[in-house]
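Presented sequentially are two complexes of subunit A, the first with subunit B as partner and the second with subunit C.
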Partner chain A sequence: MSTETAVSVTAAPSKAIEFLKRPLVVALILIVALLALGEALSPGFASAEQILRLLVVASVMGIVAAGQNLVIIGGREGIDLSVGGIVSLAAILAGNVMNGAESGILPAVLVAVSVGALFGLFNGLGITLLRIPPLVMTLGMLGVLQGLLVVIRNGIPSGRAAPALSQFVTQPLLFGLPGIIWLWIAIGLFMAFLLKRTVFGYRIYAIGSNEQAAFMAGVPVKTIRVGLFVLSGVFAALAGVCLLGYSGSSFSNVGEQYMLPSIIAVVLGGTPLAGGKGGYTGTMAGAVLLVILQSILTTVHIDESGRQMVFGATLLVLMLFYGRGRAMRG
Partner chain B sequence: MSELLIRGARKAYGATLALRRGDLHLLPGEVHVLIGSNGSGKSTLCKIVAGSVKPDAGEVLLDGKPVTIAGPQAARELGIGIFYQELSLAARRTVAENICMPALPVKGGVFVDRAALEAKAARIIEAFADVAGEGFSADAPVNTLRADQRQLVEIMKALATEASILIFDEPTSALDRAQVDRFFEILRQLKAEGRAIVFISHRMDEIFAIGDRVTVIRDGETVGTSKISETDQASVIRQMVGERDDLATPAVAPPAHQAQRSAVLSVSGLSGPGFRNVSFEVAKGEILGFGGLHGQGQSAVMRSIFGADAHHTGTIALNGKQIAMKSPREAIAHGCAYVSGDRSRDGILQGRPIFENVTPIHFLRNQLALARPASLRERAMRPLQALKTKFQGLEQPINSLSGGNQQKVVIARWLIDRPDVLLLDDPTKGIDLAAKTDLFALIRKLAENGMGIVLYSSEDAELLNNADRILVFNSGSVTRELTGADRTRYNLYHAAYEAA
Partner chain C sequence: MQQIISTPAMNTSPLKSVLQRFPFVPALIILIALVALNGFFQPRSLSFGSITGLFSTYLALMLLAVAQTYVVFSGDIDLSVGSIVSLVNVVIIVLMEKWGGGGLTVIAACLVGILTGLACGVANGIMIAGLRLQAIVATFATSIFFTGLALYVLPVAGTPAPEAYWMTYGGTYFGIPFVFYVVAAVAIVLGVLARMRLTTQMLAVGDDAMAAFQTGLPVTLIRIKGYVLCGLFSALAALCITGDTASGDPLVGGKMTLYSVAAVVLGGSALSGGAGTVTGSLIGALIIGLINSLVFFVGTPSEWQNLVQGLAILTALMAGILVSRGARA
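Moving on to the complex of A and B:
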């Protein structure tokens, strides 16, 4: 039995220290620290419009991480490595469907989201029915998606975002905040509602915590797990559409850079890779933190490959920090 | 070769006195049978000798010299090897690795000598090669093996210690005839080498076939030791259950009017892995006991009724309506509840709040989509309080509770919406006395309010004290039904042990 938990509950030494140990609090403190560091390195780093720009980038990452978060909470070594491929595919499909026309936005979103859901469905079915480990299944799916992207790029021109979509992502919509930030906030509320107020949410934690016990309590384990991967595909596709709006046109492999950060954001936010615990608020903070880190690295002229290395190292340090036992077993 | 003497060994778990006064005198070159009913303290005594349980009192003399067995490692160094009843295998490791685990051959001071390991394992496996059955090989991971094959691995693991004192705690419970015969051949060989062997089994034929002396233990106390050649089955059973006169009266009076009540659960011709042609009915308000030796199909029948394990044939009807019972989900929807004794596997959602641990059945039975914690709190509290669960708040993680309280939370989840049938599969395993008392008081009340209850317990006293009627299981079939005044310790033991 987990006596560690028992101790931390019954013998909390000091409320303040417990509070400071919470991942969300840690992330928020780090955010402030990194902003200060950025400002010191390059004055203007922490200016209002710069922060807003960072938040826009964080929104895209955070939307991908929402799906990743659900899959990870669902346990059984849940992870979705195919999100990067889905982001790219959704961006290309959406760009081609709308091709610069406002009237094409809705169909483009529908197409992108359906395709994302479909790939998520394949992932989920492979994992539950064929019992392929999530790591293997989604990595395989990433390979399929990358191949598909090469074929598509050779066949069709890269599409363009409709001006309204670009505006939604980059220009202020309400109270000075761009639409995508509002979208992200809405997703944050949706996630909180899903996880804390719906039976589906309770069941996600249940299967992540103890799949056998959940099964014995009548939880439709497989259906829920498939649902998680479908949701992950949908969130990745949404992020792909937003990314199209951000960059104006869809170009090669835009999504690839989101795979690792989406996982790191989740772990940074206090959701252990073992599943059955955690939530999305921390993940949002994790996404912001990562984007600031990314930006600082750019400021000091570290290129994409260097940034990826730093991210990889961050994940490893995090696993160390949480301890393998804690992170993997809850 | 060694002589072992244990005097006045005592061990309490909280309020449960597992062993009151354990005595055992073990001589070189003998197979010493230890016998006693379920829960009488045999395993506890064995674990004390093997160093895995620290006794509260008592002394151990090895070849006349007092020793303290500080831990499993110390026991090994003293030349004591053990077969654990609950097995001690690493599920993902191979047969060979498991066999050599207690005494890994080492090369150069640090590295495991794989060649030596495989040679040693091969030698031991060889002895069982023709009886081990399909899929058994040195490099098979243990979790791919059947129950009997795992038990063989645990036997081999004990043999590999080459200890001069070997303890076998129910090593034959899952073995077939040929496997038991082979095991006995080896025991005889070890005996001839002058080793001292403790052998626990409930099967009378085995005991009389292999034993030299028998020590009987009852309610945590050693009653006496006799030569096998100078005793017989009836007197061993009498020693196990105490004076016959004490046992003539049934533990509880059967409830009145039982015959008139309608059956809430009827099972007929149920067969599946581990049980054959089981039929019975449970009336509203009745507590039906499943008795017999451990693992005779009691658990398998319950899990099958609940839809938890694969296929069965035969029919199951709830309130007169036949139901396929393909999954727990289906069983729950039809008003069936199941509490497993293995709460960490089948019951608790580790790390989640108590609230989430008590609500899943309520959500399912009411087909709810929204959780609404605020309005559910009170309904969740009621069964927890009825079971006298000790906790600070519903938000507290379940792991922070004691074992008994965790089990109460798991049971409470079935009681927010009353089921019609409650299947209790050894529900009190590892929980303390006070919790047991609370639990059985509640179960009786539930029955009085019209629920049909099936109770399996690995402790015979619990069954006799709480069941209105007992079905005795043997090798997957019901061999005897004890009703009314027949529900005595003597009859239960006789039915369970003799036929086995």
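Moving on to the complex of A and C:
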């Protein structure tokens, strides 16, 4: 939808209001408010260890959302629906390669990440060389991945996580924080550096806001877009390995629950699905926000039905805060 | 295929003009090939009984593909169609049980079910066109809400449909199975809709919303109408799936959402909006159904069936897009 011609007629709002309307700020305020609400509903909700547990869950979601975020910023209706399948596949493969042995962790990570990268590569090639819309390509790939999961589950037993991996995910590693949170912080720094300080990062925004102009300016549009999907596959695979560490063993379709929520985290973080804008810091806040919301809903004693209705309605209300399209004025 | 791919250079080739007018022709070719393959591997699959079975199983997906098409026309998408199917399914099951399951109550329950679907469509339309939320994430959020409602209406799967309902759906009248009456009725409704101004308006909005707005079209209202139609056909899909499964299940439609999107794309409609046909989506849904039965007839080991299906659907999606782009470019 072209909105270039729409002219904004509102007067420049004051700086304070502008600041308060920034997605990251909104998300942070909401996080604090939700923590307070949780504490009020069930004392101990906002205790340090409880918050750490929430952050561990959020980091898996956040790592999946990192790849999703890159693909979305890259524009051309960029979206990756196959991440859920890659998370599951990575978890099951890594579980089988390490099968409880510490020495198997490194090979397992390598296998999982390579497979994730490979599927990302397939996605990227289909999207760039054959010019299949990302939604269609990754949707089709999701079907293939789900089929592959059925085959694999029939062939091999579900593997186990090595104790060291579980410790890395669930036990404090440094300054009281589990390793996975450090990993997430590292990914956050990596993403910030990638997006704001590298040529590759600038080019992602360039192809996201105007692919044609970027192409004219000599940006290797196709190579970059393939790279984005490969990165998305890699991040999803990493999240799959972490999830294996979190649950101890890989079970069926664990990744499915990350497919659309990873997109929601990106949107709540202030990256519009139209691409060319946004960043990862907001997405991290978005992931935390989603996880806290889900956690509050499991804390209060309501039925599954009520929980889902409140969750859906809250997501809609949150989206009203930001991520709305521009009105059409003649 | 080769002929089609090699023609884009010639602007006036007759093949291309046919493809432009009937964008579902590639899908139709795939469909015919699949029917032939099915007949080759399992001659009985071409019998009247088998075809009736195919329709009664996949009529729900066909209707859901139609539902999805009307939002895709105007450049939107609806990821909540599956949850609308679930919601309508449990609503009519619970009502029919409560009201006794007689002939009239079945009809009354179906009407309430259709109203439920319409209400879901209105809600989606207001969220996306009215409040300008992004369609993919907003309909995902509404799908969570609708699923919650469905779980509230019927927490666990299992309540059976009254005999009057599924006996009618599976029955035969004047020598013709009931599903074909439904197919005929739907075909007439779709034919009328295709000739209505609304279809052209939805396509115009999908092609270029700004241009449509500047020509004076009520863009927001047209997009809302698309979602309402989507809700209506999702409800009809739910009535069919209830006839097929004869029971209530608050999660029955969940898996169908993505298939409905795939069917629309297989049918040659552009997900970006502005180009497409409902006929194509119907063919797309049948293609998915026939791929599933073909994979079975070829004798694929059961654990490999999903993978082969996935690969076949991905291949068909890619081929369909390449061919229809050749026609449009």
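As a working rule, the second predicted complex is superposed on the first by the 289 of 330 C-alpha atoms of A that agree within 3 Å, B and C clash if a C-alpha of one lies under 4 Å from a C-alpha of the other, contacts with A are read in each partner's own complex, and residues count from 1 in each chain.
In this text, a contact is a pair of C-beta atoms (placed from the backbone, for glycine too) under 8 Å apart; a residue touches a chain by one contact, two chains touch by 3 or more.
In this text the structure is predicted, and so the values were computed from the model without any measurement.
Q: Scan A:A40 for contacts with subunit B and subunit C and give back first, second, both or neither.
A: neither
Q: In the superposed arrangement, which partner chain does A:V32 touch: subunit B (first), subunit C (second), both, or neither?
A: Neither subunit B nor subunit C is touched by A:V32.
Q: Is A:G276 touching anything from subunit B or subunit C once the two structures are fitted on A? First, second, both or neither.
A: So A:G276 only meets subunit B here.
Q: In the overlaid three-chain picture, which partner chain does A:L260 touch, first (subunit B) or second (subunit C), both, or neither?
A: second
Q: Should A:G201 be classified as contacting the first partner (subunit B), the second (subunit C), both, or neither?
A: It touches subunit B, and subunit C stays clear.
Q: After the superposition on A, what does A:L145 contact: first (subunit B), second (subunit C), both or neither?
A: Touch partner of A:L145: subunit C, not subunit B.
Q: Using the touch definition from the top, say if A:L129 reaches subunit B (first), subunit C (second), both or neither.
A: In the superposition, A:L129 touches no partner, neither subunit B nor subunit C.
Q: In the three-chain superposition, say which chain, subunit B or subunit C, touches more residues of subunit A.
A: C
Q: Residues on subunit A in contact with subunit B in one complex and with subunit C in the other?
A: 1-2, 5-6, 330
Q: Considering only the defined contacts, which subunit A positions touch subunit C in the complex?
A: Subunit A reaches subunit C through residues 1-3, 5-6, 77, 79, 81, 126, 130-133, 135-137, 139-148, 150-151, 154-155, 260, 263-264, 267, 272-273, 303-313, 315-316, 319-320, 323-328, 330.
Q: Enumerate the contact residues on subunit C facing subunit A in the complex.
A: Where subunit C meets subunit A, its residues are 75, 77, 79, 127, 131-134, 136-138, 140-152, 155, 208-210, 213-214, 219, 258, 261-262, 265, 271-272, 303-311, 313-314, 317-318, 321-322, 325.
Q: Subunit A touches which residues of subunit B in the complex?
A: That would be residues 306, 308, 327-329, 332-333, 338, 340, 344-352, 356, 359-361, 363-364, 368-373, 396-397, 399-400, 403, 413 of subunit B.
Q: State the interface residues of subunit A toward subunit B in the complex, per the touch definition above.
A: That would be residues 1-2, 5-6, 9-10, 196-203, 205-206, 209-210, 212-220, 276-277, 330 of subunit A.
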